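Same chain, two partners: chain A is paired with chain B first, then with chain C.
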Partner chain A sequence: MGLYLRFLPELGMLGLALALFLVSVTIGGESDALDERRRDERRRTAAYVSDRIGLLGSVGVLVLAALAIWQNGTLFFDAYRVGLFSQLVKIVLAAGLVGAMWLARDARNIPVRDRPEFLLFMTLSTLGMMMLVSADELITFYVVLELSAYCLYIMVPMASGHGSHNEASYKYFIYGATTSAVSLYGMTILYGLAGTTSIPAIAAALGAAPSTLALAAVVLAITGVLFKLAVFPFHFWAPDVYQVSTHGAAAFIAATSKVGAVAALLRLLLVGADVEQLYWVLGGLAVLSMTFGNLAAIAQKDLKRLLAYSGVAQGGYILLGLMGQDSAGYTAATYYTIGYLAMVLLCFLVIVEVGRTLPESEGGRPSNVLPISALDGLHQRSPVLALALLVGLLGMAGVPPTAGFTGKWLLFKAAIEVEAFWLVLIAGINNTIAIYYYLIVVKAAYVHGAEGQPRLEPGLMAKMAGVGVSLAVVFLGVFPQWVVPALDRAMNALLGG
Partner chain B sequence: MSEALSSYLLFSCAMFAVGLVGVLLRRNLVAMLIGVELMLNAVLINLVAFARFTDGQPGIGQVFALFIIGVAAAEAAVGLSIVLAVHKARGAISVDALEELKG
Partner chain C sequence: MAFLDTHLLTAILLCPVVGLAVLCCIPADRTQALRGVALVSSLAAFVLSIVLWMRFDTSEADLQFVERVPWLPDLGISYIVGVDGLSLPMVLLTGIVFFTGVLTMWELKTRVKEYFAFTLALVAGVFGVFIAQDLFFLFLFYELAVLPMYVLIAVWGSTRREYAAMKLTLFLLAGSALLFPALIGLSYYSGVDSFDIQMLASGSDEGWGGMGIVLFLMIYVGFGVLAGIFPFHTWSPVGHVAAPTAVSMLHAGVLMKLGSYGVLRVGVTILPEAMVEWAPLIATLAVCNILYGAFVALGQTDLKYVVGYSSVSHMGIVMLGLATMTPAGISGSVFQMFAHGVMTALFFSSIGHIYDRTHTREISKLGGLFHTMPKASTMFIIAGLAGIGVPCLASFWAELLVFIAAVQTWPVHGVLAIFGLVVSALFVLRVVQRTFFGPAREEWDGLDDIGAWMSIPRVILAATLILFGLMPGLMLDTIEATVVAVARVLGG
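This part shows the complex of A and B:
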């Protein structure tokens, strides 16, 4: 029984994936016996049913993940470790899945025929991330990393349009496959050095005999996860993928998959717990990533592209917390990631709602692109959405009293404690640059007039979600003591083995 | 480190480099995919050589290799289907067909 309890959230995800799969092959299945009209009708039914199953099922998984929070121990011959850290991250991932499912519901630019499969891949990808945070063994880690990644590659081209999403998808895929091959190469060297693929055993072996080769192996091994986090220089896919994929897919990649990437990085960095030079590597990547991301974001005219580059910069801030490899830094990084998830979901809520009003282009098919000018006069057209956008952007810019401010404060404090004062100074300068481009978007929404813009009528649920998540971002920022002690305990348990 | 092991490692390192250069320099989408496959095969040789010549947990290297072979098959399927989609949309499978997104 204990085994099932420990595996409860994953079992829930598997059940949800199975349900979506059954919908896609039964109701949505192709049948030659039907005429065109009936077939269309059945596809519509399948899309409707899978939307509802996906949303309700992901809420169910959230409940299961909350039920399984106090589970502890290992599964599958020590390949899979369940603890407070993994269970907390699983709750956050489930919440991220609920958000992404809700944003993707009734998406008009995902073809009706593909909808059940789209949601199936979203579920499977989240399942992969959930298993990633528990993987205590390199083989498990690799297999579930690819499970979560391949589903993302397939979600990107699932959009109606003229084909530029195929281009983005191929770039995403080829960068992902290359970095995962590089990271596998690093893993084989780790295996050669330690003679085992168990993460704690490798950490012990590397600690006993530190060497340049060990450092190189760890750096190579983490590239696959750095790619998922879109840290410079592994970010090239991010702007293209965000810009042309459907809003639902982009929200999932920008929000939920980032949580998975950070948690997986924390887990994988355990192999290098005693490799001191990692400090310099992670610090260098942090500086490069935040500087490049912020400078590139300034020039963007497309909101999703801007969010992609800002995501590169945010990845840099998160790396600041990881460089010391201590529990304070890990806590700060996880706290910031949770806040970031909520802020990105807020921005995408606005993107989805505004995207519904944009004129259909590209041969009668909806466009996935969202220029910043489409937000003009948002405060007159829908004050609630404008507020949600404001909270999301100011949170990312690190303005109090949002979670973004508290998170950055914790990150900078953790970095100063490991004597990275100069990096914190650079991060501070970067943050000032970042405020500039976030304010450009805020200006479009609050200062520009609404003349000539289509009417915006968000539903009651959208308004409630906007207000609710905004309150959560502020609440998390004002009362960090509600979350941070739990994270602290989780990180101490994680680092203690 | 024995003589035999280092020669295997040198070979796999060279093969990995060939694959990486292939991904970075080739203009054909399928050829880039072949580059990735070469990199993965270099990884396999590494694993099997380590499993044969070092005394760690027995069998784990070969098992890892089998898993990678399985995942690589899935990777080829996903990659080729995307290439097919590109070909349907653009009528070409060269990188030059993919230069719409910039900035």
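This part shows the complex of A and C:
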């Protein structure tokens, strides 16, 4: 029984994936016996049913993940570690999936016949991330990393219709496959150095290994995860992928998969606990990433591309917390990531709602762009969405009283405590640059008039979601004591065990 | 009353916050109700800040009305609020300017709900900074006060508003970029591992190493940007000119004081030894402010630019007072923050009225306004006289104290600063003469003066200037005990 309880969230996720698969092959299954009209009808039914199953099922998984929070121990011959850290992150991942499922409902530009599969891949990818958080052994880690990654690779071209402009998908896949090969190479060196694939055992062995080789191995091994986090110089795919995928898929990649990436990085970095030079590598990447991301974001005209580059910069802030490899920094990074998830989902809520008013295709090709100018006069067209956008953007900009501000405070504090004062100063300056482009979006929504813009009528649920998540971002920021002590305990357990 | 005393500051902070929450629930077309909510919350804050001032024990140098709630004890963050002689005048000032600002904007027609919502958020931030005694909360409120300014200016402003709003926000946040590491660094390098300002201030200066000097400079420049220190003042006149009337009042009256207050509260009390090291720089830049502001104001043709640059000049007097490090100088500095806040609020309030009627602020186009708008003109003239330090008005005492202390501590700087005051007398009198006196002009015939209802805010502001001008002891007693303690640490 204990085994099932410890594996409960993953089992729930697997069940959901199975349900979506069944919908796809039964109701949505192709049959030559049916005429075109009937076939179309069945596809629509399948899409409708899978949307509902996906949303309700992910809420169910969220409940299961919450039930399994106090589980502790190992599974599968010590390859799989369940603890407060992994269980907390699984709750966040499930919540992220609920958000992404909801944003992806009635997804535009995904052919109706592909919708059940689209949601299936989203679910399987989340399952991969959930297992990634618990993977305590390199081969397990690599396999589930690929599980989550391949599902994402497929979701991107699905959104762009049939065969047209698949540049981004190829880019994503080829970069992804290459970095994961590099990762694998790093892992083999780790194995060569330590003679084991167990993460704790490698960590213990690396202290005695030649330091240069150990550093190289760890850096190579984390490449695959840094790619998922879209940290400079592994970010090239992000802007194109965000722009080309349908809004729901982009939200999933931008929000939920970032949580998975950060948690996986935390876990994988455990192997390098005794590799001191990692401090400089992570610190250097942090500075490059935030500087490059922020400077590139300034020039963007498309909100999704802007969010992609801002995501590169946010990855840099998160690395600041990881560079010390201590529990304060890990707590800060996780807290910040949770807040970031909510803020990105808020922005994508607005993108999805505003996106509905834009033409579905352009020049015969499906269009998933969202120019910033489409937000003009949002304060008149929908005050609630304008507020949601304001909270989301200002949260990312680190403006109080949001989780973004408190998270940056914790991150900067953790970094200063490991003697990275000047890096924090650079991060502070970067924050000022970031404010500029966030304010350009705020300006479109709040200062520009709504003349010539299509009407916008978000449903009641969308409004409630906007207000609810905004309040959550503010409450998380003002009352961090609800979350931070728990994270702190989780990190101490993770680093101690 | 014990309950009231421990929660009075939180109650003041909650006035705008609750007002904001209620405001969000009222439909945007119910303008009268929206205004009512803003008025009630500002009146409540105003009354409570007066109650606070009445109940304040002037013989006590330490914090009063202290409330402590542990927030994240492991990380050294607590919600601590309290006031002493440095912050109480600022709380009172905010109460006055907030209330009169809401009244001044009573006739606003466009996007009333959002206007008051952003104003309330801004004011919550300002109150928060003045009462917070924990660096985390101080910085949280500080940033909260800065951001709404962007929307307030960009939406409801005039002349080049989008440019001005962006410039202002970026300047102020560049200041924050320095403050963010510096404030956290204070806790780390002091070895106290807490963000409690009192604990940091009572810790010894040893062990800071060279970092104390660096951190102080970062704090001085970071907060100083908001105080308009030369050469980081350029956002300020542009912002004043673009902002709508009440936002200019809040901006020049209260927001700039956040900067000088921040230098005093965080920089001077926590790092007194670094303050002594940097005092020559602070004094020199302050004199640059005074002279530069005054001379540039002399050449301006737009009424708001004149007041904007005179603010730059007057904030120089505040910083010069701090740089003397003597009880008289710092008292004068704090008093000047208060007096200048009330004075500029009055300035902008009357300019707002004039601009709404004549639709111009060009001094050359105006003239003879006293004939048609005697009340508005009188208000402007009172503010102008306060600005040049005419006796019987609050600024006189503040400037007198600063100049006496400055001549004693920094003779050359002091004399130059007094010369700056002469220049400002020149430009104020010139503006007054050209705008309000001279022959009546036909085009201004029939313009209405300030009505009975709308004169309430102006009368409150003018009365405050006169009250503290006639009885400066009321304010100086409040300030004195704390300032003496601060100056003792500085060795003055």
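The definition used in the following text is that the second predicted complex is superposed on the first by the 484 of 497 C-alpha atoms of A that agree within 3 Å, B and C clash if a C-alpha of one lies under 4 Å from a C-alpha of the other, contacts with A are read in each partner's own complex, and residues count from 1 in each chain.
Here is the rule we use: a contact is a pair of C-beta atoms (placed from the backbone, for glycine too) under 8 Å apart; a residue touches a chain by one contact, two chains touch by 3 or more.
No experiment lies behind these values; they were computed from the predicted model shown.
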Checklist entry - Does chain B (first) or chain C (second) touch A:Y185, or do both, or does neither? => result first
Checklist entry - Does chain B (first) or chain C (second) touch A:V442, or do both, or does neither? => result second
Next on the checklist: For A:F405, using the defined touch cut-off, is the partner it touches chain B, chain C, both, or neither? Pick first, second, both or neither.
Outcome noted: second
Checklist entry - Now for A:V424: first (chain B), second (chain C), both, or neither, which partner does it touch? => result second
Next on the checklist: Per the contact definition in the header, classify A:L138: touching chain B only (first), chain C only (second), both, or neither.
Outcome noted: first
Next on the checklist: With both complexes superposed on chain A, which partner does A:L3 reach: first (chain B), second (chain C), both or neither?
Outcome noted: neither
Checklist entry - Given the touch rule stated above, what does A:Q243 touch, chain B (first), chain C (second), both, or neither? => result first
Checklist outcome for this item: Overlap of the chain B and chain C interfaces on chain A comprises residues none
Next on the checklist: List the residues on chain C that touch chain A in their complex, please.
Outcome noted: 28, 71-72, 74-75, 111, 114, 136, 139-141, 143-144, 147, 150-151, 154-155, 162, 166, 169-170, 173-174, 176-181, 184-185, 187-188
Checklist entry - Considering the complex alone, what residue numbers of chain A touch chain C? => result 328, 379, 383, 394, 398-401, 405-406, 408-410, 412-413, 416-417, 421, 424-425, 427-432, 435-436, 439, 442-443, 446-447, 480-481, 484-485, 488
Checklist outcome for this item: Residue set of chain B touching chain A in the complex reads 16, 19-20, 23, 29, 32-33, 35-36, 39-40, 42-43, 46-47, 50, 54-57, 60-61, 63-64, 67-68, 71, 74-75, 78-79, 82-83, 85-86, 88-90, 97-98, 100-101, 103
Item to check | Touching residues (chain side chain A, partner chain B) in the complex | outcome: 138-139, 142-143, 146, 150, 153-154, 157, 162-164, 166-171, 173-174, 177-178, 181-182, 184-185, 188-189, 191-192, 194-197, 239-240, 243-244, 299-300, 305
